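Lettered A, B and C in written order, each chain numbered from 1.
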Amino acid sequence: MMTYYLQNALRGIKRSPGLSLLVVAAIAIGIGVSITMLTVYHLMSSNPVPEKSEQLFRVQVDSWDPLRPFDDDRPERAPHQMTWRDAMAILEQAPAPRQVAMFEALVIIQPPDAQQLPFEATTRMANGDFFPMFNVPFLYGGGWSRHEDEAATQVAVLSRTLNDKLYGGDNSVGKKLVINDRVFTITGVMNSWSPVPRFYDVINSPFQEVSEIFLPVALTPGMEMRSAGSDWGWKAERINTFEDWLASESAWLQFWAELPTSADQRTYLSFLDAYANEQKLLGRFQRPINNHIHDVMAWMAYMEVVEEDVAVLVGLGFLFLLVCLLSSVALLLTKFNGMSAEMSLRRALGATRMQIVGQNLTEVSIIGLTGGVFGLLFTMLSLYGIKSMISRVPDALFRLDGTMIAAAIGLSVLAAVLAGLYPAIRACTLTPAQQLKTQ
Amino acid sequence: MLEMRGIKKFYRTEQIQTRALAGLDLSIDEGEFVAVTGPSGSGKTTFLNIAGLLETFDEGRYLLDGEDITHLGDNARSVIRNRKIGFIFQSFNLIPDLDLFDNVDVPLRYRGLSASDRRQRIESALERVGLASRIRHLPSQLSGGQQQRVAIARALAGEPRFLLADEPTGNLDSKMAEQVMDLLQEINQAGTTIVMVTHDPGLAARAGKNIRLLDGLIEDQQIVIDKAVLAS
Amino acid sequence: MEFGPVIRALRHHKTGTLLAALQIAVSLAIIVNASFIIKQRADKISRPTGMDTDNIIVVSIRGVGENYDTVANITADLNLLRNLPGVVDAAPINQVPLSGSGSSTGLRTIADENVQAISTARYQTDEHSMNTLGVNLIRGRNFYPEEIEPFIPGKTERKTPAVIVVTQALADSLYPDDDALGKPVYWGDMSSSTIVGIIDHMQGSWVSWDGLDRNMIHPGIQADTFVRYIIRTEPGERDRLLPIIEERLTERNRQRVLRYIRTHEELIQRSYELDRVMARVLLIIISLLIAITALVIVGLASYFVSQRTRQIGTRRALGATRADIIRYFLLENWLITTLGAVAGCVLTVLVAYWLETSFELPRLDWRYPVAGVVVLWIISQAAAWVPAWRAAQIPPAIATRNV
């Protein structure tokens, strides 16, 4: 029966090619627009480390101004970042299997080929726990050890892109590289890694490529590395030297801890509170105790990583799909109206209602499927178009994944079937005799 | 073969109720060729639609081939239409973008027959109406008489017990009408019961039995003496 | 032509009419709200900057090596830039307005930290900066050259500037009831500066910040290894000079990295990039929507015409002129569109309410729905014209033809 339905469906489509084409176009464009928006939204709100997102916690301690909260509009919030002294103290003392304190900076790299001019690269100053904690994939070698952190050894991890640029993609582990006039040993080259959102640092743009190079955060004082990302301060302090800066109340480090069990989390929080109380004795932390840990997805929500504009576009995109659906229903109704004589005849010749509905739904599904396929092409085109309008975003933000492809096809067939169901049913409720006489 | 008892049918609109059949009693035996006549508005079409299970009725009882179809649901009625009844319409009702083969195939498809069985039935039905050579033609490439013969082939292919014809020659010229009537008589002689609605007394006279409807009731019923018998 | 018969005829096609009207309604809601957002973004992008942004080039340089003499390099660079033919002026600056990167601070008019400070972006630069930016100093004075002191991190002491220049917007926030000129302001450490000049208007660093117009310029040069220059060229000379400047600065000292050299225009475009993308995407959505709506109207109306061929023929036979037929179809279309538009206005307000409450968008201006309805009228009438005209071509003889 299915092949017979298919044959008839194709014939039905051919009989009114204009209307069929219009329905396909309406579905394709509706799907294209809504899925494009949904893809960006879906990726912006996706979980970048599903395997660990409930074990990784963003750490906040409230070291802020006794007179004013960090965020006047949301006074319950603690500062988003940590001061150098707090980050270093917590890194050293806190009970967690792994922790990382980090910030973004800029370094000057002298390429191994001395003929080439030095260039600037984005760097992340972090400790070695960063790599195992965030499941960073390596192409060659690996990160550095705690021992190297403690000794502030001059070691570096390169991104794959930078390794390609400097060493033509060869294994550069063990090679020496001059960074800010100092000689570093390369311990590893990361494989392509582009988490979306770039969860470990959503403050300095959640949708950006990973830094080109990673260096031990312990080198910060020696190299006098200043943050190239956001820093917040509340206290009027006279900062003349780099030591002044490190001792200041400026908050410019981001801090994460890996806390596998809820017991770990409780212990960790009580450590933070004890630390804050300790600081109070030293005259710091004059606000009420206000320390927090957020796991990855909670932190994404807290930082409102999804662009508002994208949410607006998703809403409008689905309204757009609704317009396309309404158009499709109207057009299909018209189309099936034009075929009512044939349907009546088939009923007279012994087709059951279900057979007629089946027939019509087959036709509608073909139209929906075609619309879905073209809708996907349209989606890819528009994702590409939007991407080319924005500079400095990772490609991964505009990638059509399996979920979205399935959603597009499913949605378009569903849309077509919904659009076609009423016309299909209405068409076959005509009594078989009704249409036969009126020619 | 066909038995109707007290069949009533009303058509209702918002304001008025029209009575189309007013308690029809009728019985037709296996192998009969019955012509139903009457002026327009007498209930001919309603009778045909009810007899062909295209429409339901409001009161009465209807037995077809010994089976009470009074309370059958839509699906069961579809199956009976498909297996036991063949239709021939005044305006042929062929599907214009299907060729002859596919047109005859339509009712067979809903019966779920095997492809070879269907092919064999379609070919022999078209053979019977003399159009086997045109099997891949479209209806628009045929004359009216030929189109009606295709419609007859479509009705025959399902090997129905019972053929319903609604003004089968109404859209044809007299020569073609004659051919179609010859074909129907031939089918009847081969054993198929035929009920034909017509307003043409000349055609009615070629049937074995005449039923005349007026205002939804049978006004007159007569057995036409077979010309062959008369001649002998 | 009367409404009565058209309406009565439509009542027999309830489903089709309702669907078409509903489609118009949702379209209206999208078109109106999207246009409103586009307008806001366009307004945001086209706000006056107060600066000669079309003729400004921005350079960022980073010195390399322990021995890099920051002050000497800055002096030499500025000397080079200011003497280039075609360059109006050049200045070192800690941050570039409208670049998305900046530095902010809080100022008070009373030396009491319990008083809420007024936040402002701050620009540390020299006496050439106002001429370079092309801002209009309406009152007071520019800095004197002797007020410009270099600050070398780790070597010199950071000092509170004695004098500052502020924008009118900042002056009004600080001293809403008084003339700010000559008055003191207090920094976070309660050291003070005197306002010696007022700029009528100048935009700051972050385009989405509501304090964009509150800016302060204070004298000094941050002699760090990172340094930024702003360069103003003669009108029309910018693009010619850009590669020349790049070459000269690179040549002057190869022991450093030219981080970037860009036109100010490009930096500003980047700051508004997402606003522009939003506006473009919405514009595309509106265009597609209008196209779909028009095509569907053509499709449906064509079908109705083909269905009513005989009826139209009969009307023609009974004396209807071609114009009557066209008018009938246009009127029918107008009625459906208007029905949709009425429902659409309600829907538009609902969507606007959703946007306003969920995304803090401003309240919808009532003129937008009105304009939207007019646009839909025009589009749907234009779309219906094609099938209506075709209907008018149906010959009256159809009426007598047997099918």
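Keep in mind that, in the parts below, contacts are C-beta pairs under 8 Å (C-beta built on N, C-alpha and C of every residue); 3 or more make two chains touch, one makes a residue touch a chain.
Since we're looking at a predicted model, the values are computed, not measured.
Chemist: Name the chain whose C-alpha centroid is most distant from the C-alpha centroid of chain A.
Modeler: The most distant chain relative to chain A turns out to be B.
Chemist: Among all chains, which one's averaged Cα position is nearest the averaged Cα position of every protein chain shown?
Modeler: Central chain is A.
Chemist: With chain centres defined as C-alpha means, what is the inter-centre distance between chain A and chain C in Å?
Modeler: Result: the chain centres lie 26 Å from each other.
Chemist: Can you give the whole-Å distance between the Cα centres of chain A and chain B?
Modeler: One centre to the other, that is 68 Å.
Chemist: Centroid from C-alpha atoms only, then distance chain B to chain C, rounded to Å. What do you get?
Modeler: Whole-Å distance between the two chain centres: 74.
Chemist: Taking each residue of chain A in turn, which ones touch at least two of the other chains?
Modeler: If we look for residues of chain A contacting two or more partner chains, we find 439.
Chemist: Under the definition above, what is the set of chain A residues touching chain C in their complex?
Modeler: Contact set of chain A toward chain C: 18-19, 22, 25-26, 29, 33, 67, 106, 108, 117-120, 180-181, 235-242, 307-309, 311-313, 315-317, 319-320, 322-324, 326-327, 329-331, 333-334, 337-338, 382, 386, 389-391, 426, 439.
Chemist: Enumerate the contact residues on chain B facing chain A in the complex.
Modeler: Residues 45, 49, 52, 54-55, 74-75, 78-79, 81-83, 87, 89, 91, 93, 95, 97-98, 106-107, 109-112, 154, 158 of chain B touch chain A in their complex.
Chemist: Under the stated contact criterion, what part of chain A meets chain B in this complex?
Modeler: Answer in residue numbers: 1, 4, 11, 14-15, 341-342, 345-355, 431-433, 436-437, 439.
Chemist: Hey, which residues of chain C end up touching chain A in the complex?
Modeler: Counting only chain C, the residues touching chain A are 15-16, 19-20, 22-23, 26-27, 29-30, 33-34, 37, 62, 64-66, 113-114, 153-154, 156-158, 187-190, 254, 257, 259, 270, 273-274, 276-278, 280-282, 284-285, 288-289, 292-293, 295-296, 299-300, 302-303, 307, 351, 354-355, 358-359, 361, 403.
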